[in-house]
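For reference, chains read A, B, C, D and E in written order, and residue numbers begin at 1 within each chain.
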Amino acid sequence: MTTPLKLHKVIKRYGERVVLDVDQLAVKGGKITTVIGPNGSGKSTLLRIMALLLVNDAGYLEVLGETVKWQKQQLLRLRRQMSMVTQTSFMFQGTVDYNVAYGLGVRKISEKAVQNRVAEALEMVGMSAYRAADAHTLSGGERQKVAIARAVAIKPRILFLDEPTSNIDISSAAEIEKQIKNINKDQDITIIMVTHNLFQAKRLADEVIFIHEGHIIEQGGQDLFTKPQDLRTAAFLRGETVF
Amino acid sequence: MTTPLKLHKVIKRYGERVVLDVDQLAVKGGKITTVIGPNGSGKSTLLRIMALLLVNDAGYLEVLGETVKWQKQQLLRLRRQMSMVTQTSFMFQGTVDYNVAYGLGVRKISEKAVQNRVAEALEMVGMSAYRAADAHTLSGGERQKVAIARAVAIKPRILFLDEPTSNIDISSAAEIEKQIKNINKDQDITIIMVTHNLFQAKRLADEVIFIHEGHIIEQGGQDLFTKPQDLRTAAFLRGETVF
Amino acid sequence: GKTSEPSKTETPPPVKELKLATTTSTEDSGLLDVLLPEFKKDTNYEVKVIAVGTGQAIEMGEAGDVDVILVHSRAAEDKFVADGFGVDRRDVMYNDFLIIGPEADTAKIKGSADALAAFKAIANQQAAFVSRADDSGTDKKEKKIWESAGIKPSGAWYIEAGQGMGDTFRMADEKQAYTLIDRATYLALKDKYNLSIMVEGDKVLFNPYGVIPLNPEKFPQADYAGATKFAEWLTSEKGQKMIGEFGKDKYGQSLFIPDAK
Amino acid sequence: MEIFVQGIKEGVCLIWQLDKEIFQVTALSLQVSLTALILSALIGVPAGAALALKDIPGKRFFLNIIYTLMGLPPVLAGLFVYLLLTYRGPLGQYQLLFTPTAMIIAQILLAAPIICGLTARAVMALNQEVYDTAVTLGASQRQASRAIIREARIGIVAALSTALGRVIAEVGAVMLVGGNIRWSTRVLTTSIVLETRMGNFSTAIAIGIILLTLSFIINTAILMLEKRSFSYDNTIKIT
Amino acid sequence: MEIFVQGIKEGVCLIWQLDKEIFQVTALSLQVSLTALILSALIGVPAGAALALKDIPGKRFFLNIIYTLMGLPPVLAGLFVYLLLTYRGPLGQYQLLFTPTAMIIAQILLAAPIICGLTARAVMALNQEVYDTAVTLGASQRQASRAIIREARIGIVAALSTALGRVIAEVGAVMLVGGNIRWSTRVLTTSIVLETRMGNFSTAIAIGIILLTLSFIINTAILMLEKRSFSYDNTIKIT
């Protein structure tokens, strides 16, 4: 089993405050890893560092077998193999089509292939009817669906999802969960997903990571939900405040 | 029982498309009404019209006993009695403090009273430690919490919440649900809340509205969850696609 | 430095202001910087100088925005007076124009004292000539010489600059061209550029300046008394002497020849 | 190019020797341009925001006029003010021609459209959310506009810098309506023109450098004021 | 003010009679200013974006310099180019003085800082999300910068309008390096100055009106181009 993502003593600070302090972390290749934890515990920060959007202040990480040097060519090469649905699902000015095609456009894929992939990706999230709509007029949930389609369209090797279904209705969310599982299996994509919906986390997880105050408290398989080792994990899963 | 909000044949179009078409709607005063429905069904549009942020294309609405004339003085008078947590929880540039104090500032409340209310509101959502933080550096959940505090701080008579806990962790969400119930009871505030979390909708609802493709399909009490009258409501509650 | 002035107790008589519209040559040559402080001492008038083209100076006079004008364009001045805008025109001084050009002197006019012949030679050779072409006093003088010479200048060699004297001199230098220039400007600027005097001393090159107070009947707001004082002072023995002396120390010759009658 | 070195040296000397005339000229430049800038901001910022926000008929046309006026030739602005203030003009009785007041009026004609146009654009770049959030928290239209202006601050500060650059560097209008009168209406730019006309290039450069230094200081002050109002640096970080 | 009416009449007449000289002067104005604008945009937009995005040391200082240069007096810019191109200057051998090329160079000095500074500000008003979204979708730094420029379009179009206004209205620099030579380097603004100096105020106004009309047309074209690239009107709607 490969480990496409490894973190070693990675620290991220803002001013005085340490918002992330991960001693060791290895993400299993080809699996779905869900990340859970309270607000402000550093989940998005962790994802942004792993997706090479944020530079860590200490430690280093290995992505797809390479030690990250934060150097231009390497960054581009690695980034071309991953994509992310950010927590805000930012949309570029332009149509839904433009947004979903963006990642394919920068890869200089043929126009026809782009069209096919865009159609396919929008079909997957049930947004085919909105191809010509202006992305800034979408409703909250529609926007998240487009963001998912946009990230999936490029068929990355690693896919980061930061609360991708938080504004999506339950039936659509169920459908999207199914699709996430499919692409994970069919295309052998490693998926790292943050979610506050513990049911969803449980449904999807091959692996779970529980973060608290910047630290990874526990990492494990489905057992973690049923038999958490740490008291804080247990409290969080029971819906109790972890402070 | 008062009805602070009434809609009569209200229609909202974008271009050709009718995104909202409400024949009759009366919201019960002093109650919590939850609004559920698929993505793009018009929930946010409904809330924005009721909160006087969006002008309807046909029909009219009555707010706090007045027929809305969309005329400056009236709008201000009515808006001063309501507030809203929008789906994106937009934050003004500035500190958390600045944001929460904003609604009090425009009402020209004394500086000391402002400070007290801000402190109280932030305490309520567990964000007291972040008073001096820049609002644009907050995590997704933290931002939603501040947006809730900001809307609550002004003690409105009607409070609109558009998926306010979608990015908030479960224990905080539970706490916030409790607070929502409290302010509804203690301060006699009418609350209208959109949520995709059906459990949450059920936990909070005195009344439920189910919207589908711009129409209010069903409105009722807790029964609606257990004995829906319409097939589409039933399908939605079962988590089936409603198309 | 010191912040406190020695004695502020005695109040000096109030200073009156006088607005003068004039051509750039009188200001740029530095003549007014020498005359005006002395005029102020004698009359307690502070003169505000607005240095523009002759055309604009006369226009300002006709609009009544100044009190007195000092210009050099005899025909326009006479019309100004005839139309009732000004009164009591007085001759103040004259300077003279020079034809200057590059050392190469392709038109072979150096040393001549015949402006007409020189202009003809320039036209025949199609030697580059920069004209101010801005309707200024200098420009009018140039046009008149061409007319007298029976030439209608046109073609690539005849460059119409549409600029002031200094700028025209600069352009002529760049283009190694001939041009017509007043002596005052030439002396003030000659060290900066590489053009030298080709023709001087011809009677047609003389350039008289006149001072004209605004007509008090037409412009009651204008300070006629002050304007008249200014005109009288310029044409007084003292003023005339100062004009005659001006420039001798620096250039070894007068820039303006006083000629008040 | 040694003339530039000489110009810089001369500029430093002028300041060093506390040359009385250059101080007076500099002070007048400052006074005229800053007054014009402040008055233009008082007109232009609200007008620009209103133009961007209000749903007036022919709005695009109006905006277009404003953009066109951003390119009003200084001489034309000067001419306009001149004809207003001339003795026989409509405002002739106030005797404002050839005074700093006239210069300020002319510069307002140049600066106000710039501030108005750029403010409108900065506001137009914002999203609906700003307005919605403000009014849903109880802001009146006026208060909400203020919130919008606050969010558009970066763009509005740019508008101020641009307008400052326009007026402090401008010569055509102040020359015409001010008259470049020594000790009275001479400013830095008209001095530069005068010196250039007289072929004193290095002095012209020296005065130019004083002018640029001045505008550097004012810009720094503007940016400081803006910076002070933010704790957090929210420029995009690229990796 | 009847002189304005007269000026407008005269302007219409000039165009109506297809006056050959005014056409030539207008065409040259257009050619010089548009060339300068396009070249300045090619320099200024990428430079401005880079300045806003790159984490170079002394960035604030640099930005400040750019803002200061936005207020470069035209005469000074002209003087600089003049001293470069004069036959005794470093580039004297190319004989560019008093040619449209010289005028274009001088105007670039004026327009490029404006485009650069305003672009930087427009980019600085964007959020981190734009960059993050672009690179996470596989954009290279260069491609991401292009995405950022695209998002900042509203501000950048404002920059172009402003710079256009600056160069098309400017007279100090083109007068100095172009020389206002009839049939050769005379443009609209230098004509206005000339007519004003000759006291022909109504002709000056007539030419000014031609200039404003021209800049109105160009601005309309710029706004049309921008408008075409958006389907959705996302200006703030106030209620």
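Quick notes on this one:
Following the convention adopted for this analysis, a residue touches a chain if its C-beta (ideal position, glycine included) is under 8 Å from a C-beta of that chain, and two chains touch if they have at least 3 such contacts.
Here the structure is a predicted model, which is why all the values come from computation and not from measurement.
Within the contact network of the assembly, the step distance from subunit A to subunit C comes to 2. Per-pair tallies of C-beta contacts place D-E first. Taking each chain's centre as the mean of its C-alpha atoms, subunit B lies 80 Å from subunit C. The distance from the centre of subunit B to the centre of subunit E, each centre being the mean of the chain's C-alpha atoms, comes to 48 Å.
With centres taken as mean Cα positions, subunit E sits 37 Å from subunit C. Each of residues 52-53, 75, 88, 136-137 in subunit B touches at least two other chains.
Under the contact definition stated at the top, the residues of subunit D that touch 2 or more other chains are 127, 130, 135, 141, 196, 234, 239. Within subunit C, residues 167 each touch two or more of the remaining chains. Within the complex formed with subunit D, the residues of subunit E that make contact are 1, 3-4, 52-55, 60, 63-65, 67-76, 79-80, 83-84, 89-90, 114, 117-118, 121-128, 130-131, 135, 141, 144, 148, 152, 154-155, 157-158, 161-162, 164-166, 168-172, 176, 188-189, 192-193, 196, 201, 204-205, 208, 211-212, 215-216, 219-220, 223, 234-239. If you check the complex, the residues on subunit E that touch subunit C are 86-87, 97-98, 175-176, 179-184, 186, 190-191, 194, 196-201. Within the complex formed with subunit E, the subunit A residues making contact are 48, 51-53, 72, 76, 79-80, 82-84, 86, 88, 90, 92-93, 95, 102-103, 106-107, 134, 136-137, 150-151, 154, 160.
Looking at the complex, you find that subunit C touches subunit D at residues 1, 19, 24, 28, 48-51, 63-65, 164, 166-167, 169-170, 188-189, 192-193, 219, 221. Residue ranges of subunit C in contact with subunit E, taken from their complex: 52-53, 55-56, 58-59, 133-136, 159-163, 167, 171, 174-175.
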